[in-house]
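Lettered A, B, C, D, E and F in written order, each chain numbered from 1.
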C-alpha cells in the first residue's frame, strides 16, 4: 500500500464556502483498499499496573473486555462523529500491552471504500481506553488518556498487488 | 456537594472473585445527585489553530459540531463501555476553548442515580476531540488527543442543600 | 393532570448566556407524571388510500409496521435530538386512521420524570409517517407529511389523584 | 443524472402476495449513483423567528445543532424505518433558512447503491425539524412541522458523465 | 447458488495465533451474492397458541410486530455480535407459522459482500422469538426458545446466473 | 425477594381491546427491586467443545467475548423488542460453562423499576449464544441454540429486607 499524501490541504473540507458544516461528498472517489493504524495510552500508577498483573491479567478479562469494546466502538464511528461516512469495516484488530505505568493500545482498521479509516482506528483506541479506565477507576483515581494519534494511513487500488 | 472519596479501593470492582468481568451491582446504593467534570485536549499545529480562527471560528460551526457530538456521545456512554450502567443524564455541557497549539475541551455531566457520571463526562470529551480531529484532519496531519482526565467528581443526598 | 403552562418563557432554555447550546439542567426539578399527545398526517392521493384499503389494510401489516416503528422511534428520541434528555417511557401508543386523502397519526407518551415527553410523542408521529411514506412510495409520488404538532401536554405530582 | 421514473407502480412493493410486510429484494439491481433532495418547514410565530434572529442566530448554534442532528439522522434512516435498506451515504447536506414565520429545511443525500436515498433525505429533514422544535419549545407553544416532501430524486450509471 | 463448503475448517478464525479475539480480515475476499436461511421455534402451551388464534391472530398484530422486530434485528447484527462484519442487507424476510404448541420462525437474508449472512438470519430469528415471548409472557409462564439453527447458506459470483 | 405471580393472566397485555399492539402502561405501578435469571444452551459437536478447551479456553477470550456481548445485549433489550420498556439495569452477570456437547449460558439482571427484567436476562442469553455461534461457525456447521427460558423472576418492595 502507498502511504496517503502527507502534505496537508489548504482548507477544512468539512466546511463549505460559507463556513457551514457538511458531510464531504466522496461520490466521485474510487473505491480503494484503505488501512489505518492508531495508538494511544492509558496512563496509570505503576501499582495499578502491578495490581492488574496480579489480580486481573492472569484471567485476561480486563484486556479482552477493552479489546471487544474497541472493536465495537470502531463499528460505531459514523454514529459518534457527525460528519464521518459509514464505512463497513473488513478488519479490525485491537492490541493492549501493559507497560510500567501505562497500557499501550494499538488499533488497526481496514476497508474497501472511498475514504480513509483513520477515524475508525482512533475511535477503537479511545473506546478501549475509556473501557480500561472504567474498570480501573475504583483502584486508581489519577489516570489519564494520552498520546492518541494516527500511526499509519494507507491506500491502494483494489486490484493492486504491491503492498508497502 | 461533597467530593467523592479519593482513597482508592483495594480491588477491581468489575471483576468477581474468579477474575471474571461483570457489571457491578448497584441495586442497594442510594440515589444521589451526581456530578462530574472532565477535560482533555486536541493538540494541533499553531497554524491550524490560526487557520481555524480565520476560516472556521467566525461562523462557529466547527466548535458547535464538536460540542453537539460530545453531548450525544455522553448519552451513548453505556452503549460504548460494556460494564457501565445506563444513567439518564439531567445535564450535559461541553465547552471548547482554542489555545495557542491546542483546543481545550471541558465536559460536565449530572444525574440523580446510584453511581457516578465520570465516564459520561470523559466520553463527552473524547467524542468531541475525535470530532474536531475529523474536521481538521485534511489540514493537519500531526494532531493528537492528550490529557483526558477527571477534574472533579461530586455527590450529595438528593435533599441536601450544601454544595461544595 | 394539569395542563402544562401555556405562557411561553422569554428565552431559549437550550442556549446559555453566551448563546451556546447545552442540555438544560433539570436536576432540581421534581419527578412528575408526564403525558403528551401529538398528531400528524401523511397526505396521499385518494387513489392511494383506496389501494391501501383494498390491498394492504385487510391484512393490516402496513399500519402495524408504521405503528411499531413509531413506538421504537419514541424510544430513540434522546438519540436523535441532541439536547433532549433520555426519559424511560412508561407508555407509548400510536394510532393510525386512514381518511379520504391522508392517514392521521396520533401518538401518546407517558413517563415519570423531570421533564416533559412532547418530543417523544412528536418523534413517534414523524417516524410512523416516514415509515408509511416508505411503504407507499412505489405507488404514490406526491405524498407529504403535514400538520405535525402537539395536541396536549400534562403533568401531575406523582401521588396526585385528580387527572384533568 | 436522470430523474427517476415518475409513473407510479401498481402495487405496494413492501407487501408480498399475501399482504405480508418484507424488506424488498434489491439484490439484482445495479449499483447506481443515487441522489435525493427533500424539504420541509418548521412553522413558528413571527415573534419567535424574530427572537431567534436577535438572540440565537448571531451565535449560530441553533441552526448548526439542527443541521448536525439532520446529518446524523440521515445515517440512522435504516434503523428508524423498518423496511428500509442500509445505504452508506457518500454525501449529506442540510440547509436551514429562516423565513418570516417558518424555517425552511432542505436536505440532500447521495450514495452509490441499489436503491434510492429519498428516505435518507426526508429523515434528515424531519430530524432537523424536531431538533429546532425542541430548542424553540420553551418560547413558542404553537409550532408545527409542515410540507415535508421529496423535491428531486435522481440516478445515473456509475460511469455515466451526463448529469441532468 | 452453490451451497457453501460444508467441511469445517480446523481452527477458530476469530482467534489469532496467540488465541486473542479479532474481527477476521475479509479484505481480499471477492464480493459475492450471499444468502442464508435460519429457523427457530418459540415453544408455548397449546392453550396459548389457541388463545393467540382467537384473540390476537385475527388482527394479525402479534405476528407482524415480531416480524418487524426480526427484520430490524437483522440490521443490528454487527452491533450485537462483536466480531461480526457490517453487511448492508439487500433483502430480509421473516415468516411466522403457528403450530400446535409452538410458533415456527423462518428468516432469510441476502447481500452482496465478502462474507456470509448466516448471523443476520439467525439474529432475525432470535429477535422475533424474543418479541413473541414478550407479548405472550403475561399469558404463558413456561415458554422457551428452541432449535435455532441455520437451514441453508449459499453464495454465487455476482454475475453468475445459475441458482441452486 | 418474592417470586412473581405464576398464575398467568387471561389476556395479552400488549394488545388493546381492538387487538392492536401497544406498549403497556406501567405508570401507576410501584418501583420495586426486580431480578430475573435466564438460561440457554449452544449445542455443538463434542469435538468442537474439545477444540475450544484446547485452543480457545486457555486464553479465555472466546467466553469473555460472548459474556461482554451478552451484557451489552441486555442493555439493548428495549431497542430490540418493540413493546419492551427501557429499564436502566443495576446489575448484569453472564456466566458460560462448557459441558460435553454444549455451552450453558446463564444470565442475571436486576433493576429497580415498574416492570420485570426477564426480557433483559433472556436477551443477554441469546446474544451471548449468537456470539459464541459466530466464533465457532468456521469449525462446526451443526450448532443450534436450545432451551432458552426463564429460571427465576423476583420482585420486592424497595425497602424490603427479606429476600427469598
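Going forward, a contact is a pair of C-beta atoms (placed from the backbone, for glycine too) under 8 Å apart; a residue touches a chain by one contact, two chains touch by 3 or more.
Owing to the predicted nature of the structure, the values given are computational and were not obtained by experimental measurement.
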{"item": "Number of hops, subunit C to subunit E, where each hop joins two touching chains", "value": "1"}
{"item": "Candidate from D-E, C-D or C-E with the same interface as A-E, over half of contact pairs in common", "value": "D-E"}
{"item": "Relative to subunit C, chain with the most remote C-alpha centre", "value": "A"}
{"item": "Averaged-CA centre spacing for the pair subunit B and subunit A, given as whole angstrom", "value": "18"}
{"item": "Length of the line joining the C-alpha centres of subunit B and subunit F, rounded to whole Å", "value": "30"}
{"item": "Touching two or more other chains - residues of subunit F", "value": "20-21, 59, 61, 64-65, 68-69, 72, 76, 79, 82-83, 88"}
{"item": "Chain contact topology (line, ring, star, complete or other)", "value": "other"}
{"item": "Which pairs of chains touch, using the document's own definition", "value": "A-B, A-D, A-E, A-F, B-C, B-D, B-F, C-D, C-E, C-F, D-E, E-F"}
{"item": "Subunit D residues within the subunit A interface of the complex", "value": "33, 64, 67-68, 71-72, 75-76, 88-95, 110-112"}
{"item": "Complex interface listing, subunit C residues touching subunit D", "value": "6, 8-15, 18-21, 40, 51-52, 55-56, 58-59, 61-62, 64-65, 68-69, 72-73, 76, 79-84, 118-119, 122-123, 126-127, 129-131, 133-150"}
{"item": "Residues of subunit E touching subunit C in the complex", "value": "59-61, 64-65, 68-69, 72"}
{"item": "List of subunit D residues in touch with subunit E within their complex", "value": "16, 20-27, 78-79, 82-83, 85-88, 114"}
